[in-house]
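First, the structure itself, so that you have it in front of you.
Chain naming follows the written order as A, B, C and D, and within any one chain the residues start at number 1.
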């Protein structure tokens, strides 16, 4: 059963998720103006699945059940599936210009599926069956599941078990016959509040002494002992302003991050996917990160599409669209954005089949993809700000544009004065011009800059993490041999 | 008489400046939380002038009166003065991490002084005397004067007189025996509200048919018919939150822009510096822009210093300061920042004496300076975001960190949980770590990003404006001759 | 029948190709030291086709004959074929570190095949059959065919028929019953001398008045009236030095360009593929250029692999391989190189089936690919020069290293002194260190820099050509609509 | 007495300098076609000193003798002198488009002058007097002196005294009453053969065990036991071709590097400037390197000027000079080049007076200057190659352009065919077009690329050396304090 957007939103109302913001418990977080745009984003992943135009991208036939499922819950069965994933993400980026939050779950599904298979093979555990059953349940109910990896980490110079405060990485504090009790927190959790369930994974490769930290499992959002503290974003409270619209830039959609706390949460045996097999923590992390670095080659490209469009629109509304330097900057933005897309597509089509049967992306190229993501969106933003002009950050508030307060010698209102002096091309109204500038502001330094810039930098691992992987995967030794052969160095 | 910061602030209270924000008239704008940080910034230019350590940079001996004046009111008497200007600006950038708003006036003084001299020489007008008297008055009273150049401009494809709405550039609507009446507006006016007086200049070279637009003059902030509409910035309303401090990043200082409207303002003859001599509009613009492009090689470098320091601090507080890639990124930030400084210094030391006697910067190098300013701060910001980590945009609000609301099984409060899970290096408290991250957020995508990023892009002219000047000043023809000589092409 | 390298070289001896170099006719150009390395490169495309390890990449089953053919003569039957093309090119780049010259033919085959189909469909001509028969002949005899596009062009401001000298673009000067006579020249012809046959194509979209220039055909290298003037490369005459080896850097392989002159060459009807249908010139150019821009995402990546390996080897031989900045530069080189590969792969896997049945690459992504090729190899070269150190360009000649001339107080020879003072890491001999440095010199500023740098810049079209295509293909209008929707601008 | 160019060349004939090239002793190296262009370059430093137009830049009044001396032999007496040094270097770069080799001596003079002063002050040695006398002799005779720093260095992981072969750094092998005997070599010695004398300096900071390596002294080029082995450059042997002209690009000027061997050379006491005071080796290196990093902000900018001019000329000759992308690339080249100049000027004007009385540049800014030099010339080259077009590396040889060999049906010669098909804009002859392309080739990948690219990378220290200095000089601690103050972190 594929939910639509409305059904998804209603389904959230049944959850007793504990959410805190600005020092208070938010009971109706579903309709909270700061949170709602991020829920709308997730809803779009449901809604588009019902649009026949996008059915091929948005849905897939489950290899587990044979049913049609939302692609976000799908195990990739081919490199074609991997490419469609990226295209679906670009589509959603185009439709929301935001982080739609459902990728972490998809990436967690695929990484956990193949890793648990290999753990079981070595240890005779039944994590793979646990996980497969869980995923069938997810697919059947069309649930959204947060994939949680990043621990707070404390002192970066020490391993989990060496921390003064042992809780700075999620860990098993008690092993019972019927399950485990876990404690700790996951930071920067994108979409955690909007999810029905969560898959928790370790955050790095572990050694034996850190075995209690090598833990993966699933739990519902309102499991006892779990709660979330909302992270604040640039310009977040603009959403609380009366009749907030234009000044939001993107009034409908947005992103969300939270700290998710596990305050001695009990996890029953059938929801456990790793519990101490420390040498598999690294595989799970690497596979998840690989998928997630691929993801950015789709979603951020989609957001980039919208920003390029907005910059082109701003140029037109400013009356400058024919200047050769403007055209050239739009070309450069397009060039950079499509280069990112190339990386997303390439690491997909070069994917490979895991022993468990689903498809994994090419690790080298996925890391190259993400590394570029930590650079090009910043340059795209810079060019957008160049094209937009300074008015983007110096224009009065939306309230001024609508104000009836008389200020001029002839009784002109603030609104009239604003509309008079910020008029530009006859192709648009002043308000339309302002709207597109606010939209660009939102992506460049407002709430959506969190998703388009900072998340591009640190999501799925900070830049240096990719460089380490590129070094490992780059086969420098083989390249040296090529050079030796041609340079006539025979050893 | 050199005012101190407190005296400056008190002096503002005597003005009846009309200010509108969010659709309302702000009577006590001096103590308004959104405006006050920008006033504090200006106050710093007064306060530091009393610090003996900085006297050499902050003050100068007036060539007009022989008195010690704030360097911001000084006519540059040498290339040494030009260099000190840049160093003063770097100092103030370091002390405020904001735009301190007083440079436009200084740059307007110097450009108007030399241009009026040349207008008078040609036309026998007495603008130079008018201006010199005005500047003596400014120096004597240690006033801050806004230098206003940028008109709204309307349709970019048409000249001022071709616009449907003739008011889209400031113009003379009436010439009387005792003065002129002007109408129009100036957009993006940095520091306009915090200024005692204003110098208005044309925004571009003009042709004969635009003579009414070739107008320059001075007027006080509360002259009849003038009013200002405040521009909103990213995260502006955080300043309105109760006990706002940490979440502001930089609680004390900030910048300000406004739309300044001239609603038929009368300007008496002795305050007029240009009134129709259209062929001098270009000279005034070029000289002002030249000075102002130099300015950015000081002020933004100072802000860059603080951002580099903040990134280094964040690395230390994260426990990552010894990683070689972190060190290398700090080196790169320093390298870029000092390259900007080199440009600011070079265009100063290569300055030249105008016929009027004050010193003008080297035009080619000043444009090169500003062009780099439209690029490097963006890369410095990108690297700062890289070093800071994602927590900068996902951490809960300051209110959460101080909240007593109990949420944990053992009665832990939200504040305790936040402090527990966001702890990192033992070298700092969690709050100190959060403070530096919020500070970086402020400069990278908060209110100060308006000054550090967008203003770097568009202030003193957008990037393309510099490229046009570089093309004009680059002497391509001479360079071709050099190549011909060496390539043996003899024509 | 697949020739091997030796058979290919022998097959050239049967041709009476007219070649001029340094003002002289070169009769035995096959064994000429300046030309031979480029022949060896082509030979590698034959030789590797016999290596079972590479059979899947190097060969394919012809859709025309069902026989196994060298992939360079293959019509791409799927996106998989397009990807294999890129991988074959990367392989050959790795094995030769040079331009192996056979791609232009392959790209010409595929572009001509699909374009002639569409011409015939419109005009009822039989170009497609002509071409198909020709290609069968090529496949059957495993011939190498030069694909020639770039005319000398004369005054860039005028169309072909507007030139003072009408021959500056290849054109039909006579139409006979049995064929046509063509005159003109093609410049920069890579591999022209080493080819058995040539396919000539127009160089740009044409208008009606340029119909005589809208001509495509095939002819053998030694057709009457055709001759070639060899282009000189950096360091070309090092190949003429006695016992030339080390100073060549890459002693075995190299590239080749020539001016190919058509001095009234008769082309029989069955070798004509276009003869006046001017509106199809643009399609042929665009398709050929598209394939060829894809090609660079393979071949230059392969060369990049070797250069990265050589830089790593130089670092090791210098004793600096453990420095973190060296490691980081190698990572950056790898990152850039793999980004190029991503583009090559992506435009392949996103290819589409033409009406004629073969597969064409994605045009937008192929142009993005080539645009990056005009940038990244230059940065890879810069980093290689950084790692190599200055000795690369200051070391004495190979003759010095082997000289027995006594120069030292104790009878040390020049050779001994060179070997003594240029010794570094104990991991290698001095000569090995020198060899790798000369190899890098060759790619960075020697003969191979022509292929790795300048050809990356201008081959398959100069950078601006790609930008024009990116503008056309980037769907800015669609992107504007996305932005309007989200910014709430409803028109 | 200021020699002119001719006198300088004649003065070289009196030297018995031992020079080896291609395994042979070159007796008349002064007229050797490969070496002569580099001698012409040095001669230009003499010749221009007699041009009244440049007297202010090219000469100075000696503080030692009161006489007018060539600025290359001058001790900088002010920051104005430091700026004039940079301007002189830019001028010479413009006039030669090559490395004119005389800067190392000038930089060695100034560094040795101030360092010996401080050594003497601590140890009561008389190195400063030795050096001052030597410099008077140099000034009086207008000599050119090579400043030699870079040792071969052997295994980069070991200090001088730890090397297996102790000679891999220049060292004292014997201390006599009347002087010392030194052994070793200096690599990459720019202009060594063209110099009358040499100043030898240590290559890095030394520890006590390396005291024998902490040695500085002067000796004539033909001192007994000293000889030089010439380094080969890209395209060097083109200079040996008959009537070589066009294919050289720059027929008159060029650069030179050699290995200089000290085969037990005796140095009398009065020519010793350091002999074991190991802790001053670092100061001498740092000061010399500082001056030399400043130098590049002059000389390479001058070469850049010519390359920009050549690219503009190529665009004009190609008929493409009006394309907006061409104009924009020329602007970018100019912008980058002037940014380098800003750095050269800024580190000069921010110089400081040493205890010995001469002026030293600002160390941080000089390192920033050189760091940019390791980047921007490469981008300028890339843009020049873009503008020039591929013909630069595919055109036939000059011999072909002049060949009378008939090849055409109507008796056209090779020369006529070349001139016909490579014609472009009517503004120039084909040969003029070819000349400018060959000139660009020379700077981008021919012999002059050694000076413009590789020397920009490694001369005066490789990029990482500057980064280490930037880290040391960047005052990160002070910047952290600025951030703490503003972020409200009070420790």
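Keep in mind that, in the parts below, a residue touches a chain if its C-beta (ideal position, glycine included) is under 8 Å from a C-beta of that chain, and two chains touch if they have at least 3 such contacts.
Everything numeric here is computed off the predicted structure, so don't read it as measured data.
Novice: In this assembly, which chains make contact with chain B and also with chain C?
Specialist: Neighbours common to chain B and chain C are A, D.
Novice: Among all chains, whose Cα centre is located farthest from the one for chain B?
Specialist: For chain B, the chain whose C-alpha mean is farthest off is C.
Novice: Suppose a student superposes the Cα atoms of chain B on chain D; what rotation angle should they report, nearest 5 degrees?
Specialist: To map chain B onto chain D, rotate by about 180 degrees.
Novice: Distance-wise, how many Å sit between the C-alpha centres of chain A and chain C, to the nearest whole number?
Specialist: 41
Novice: So how far apart, in whole Å, are chain A and chain D when each is placed at the average of its C-alpha atoms?
Specialist: So the centre of chain A lies 52 Å away from the centre of chain D.
Novice: Return the distance between the CA-based centres of chain C and chain D, expressed in whole Å.
Specialist: Their C-alpha centroids are separated by 36 Å.
Novice: Please output the residue numbers of chain D that touch at least 2 other chains, ranges allowed.
Specialist: As it turns out, chain D has residues touching two or more other chains at 325, 328, 467.
Novice: Can you list the chain A residues touching chain D in their complex?
Specialist: It is residues 324-325, 328 of chain A that touch chain D.
Novice: Touching chain C in the complex: which residues of chain D?
Specialist: The contact residues of chain D facing chain C are 18, 20-25, 152-157, 164-165, 167-168, 185, 187-188, 225, 227, 229-235, 237-238, 241, 247, 257-259, 261, 263-264, 318-320, 323, 325, 374-375, 378-379, 381-382, 385-386, 389-397, 399-400, 402-403, 405, 407-409, 414, 417-418, 420-426, 441, 444-446, 449-450, 453-455, 457-459, 462-464, 467.
Novice: Report the residues of chain D in contact with chain B in the complex, numbered from low to high.
Specialist: Counting only chain D, the residues touching chain B are 83, 94-97, 245-246, 249-253, 305-310, 312-313, 316, 327-328, 330-331, 334-335, 338-339, 341-343, 345-347, 349-350, 364-365, 368-369, 371-372, 428, 432, 435-436, 438-439, 467, 470-471, 474, 476, 478-484, 486-489.
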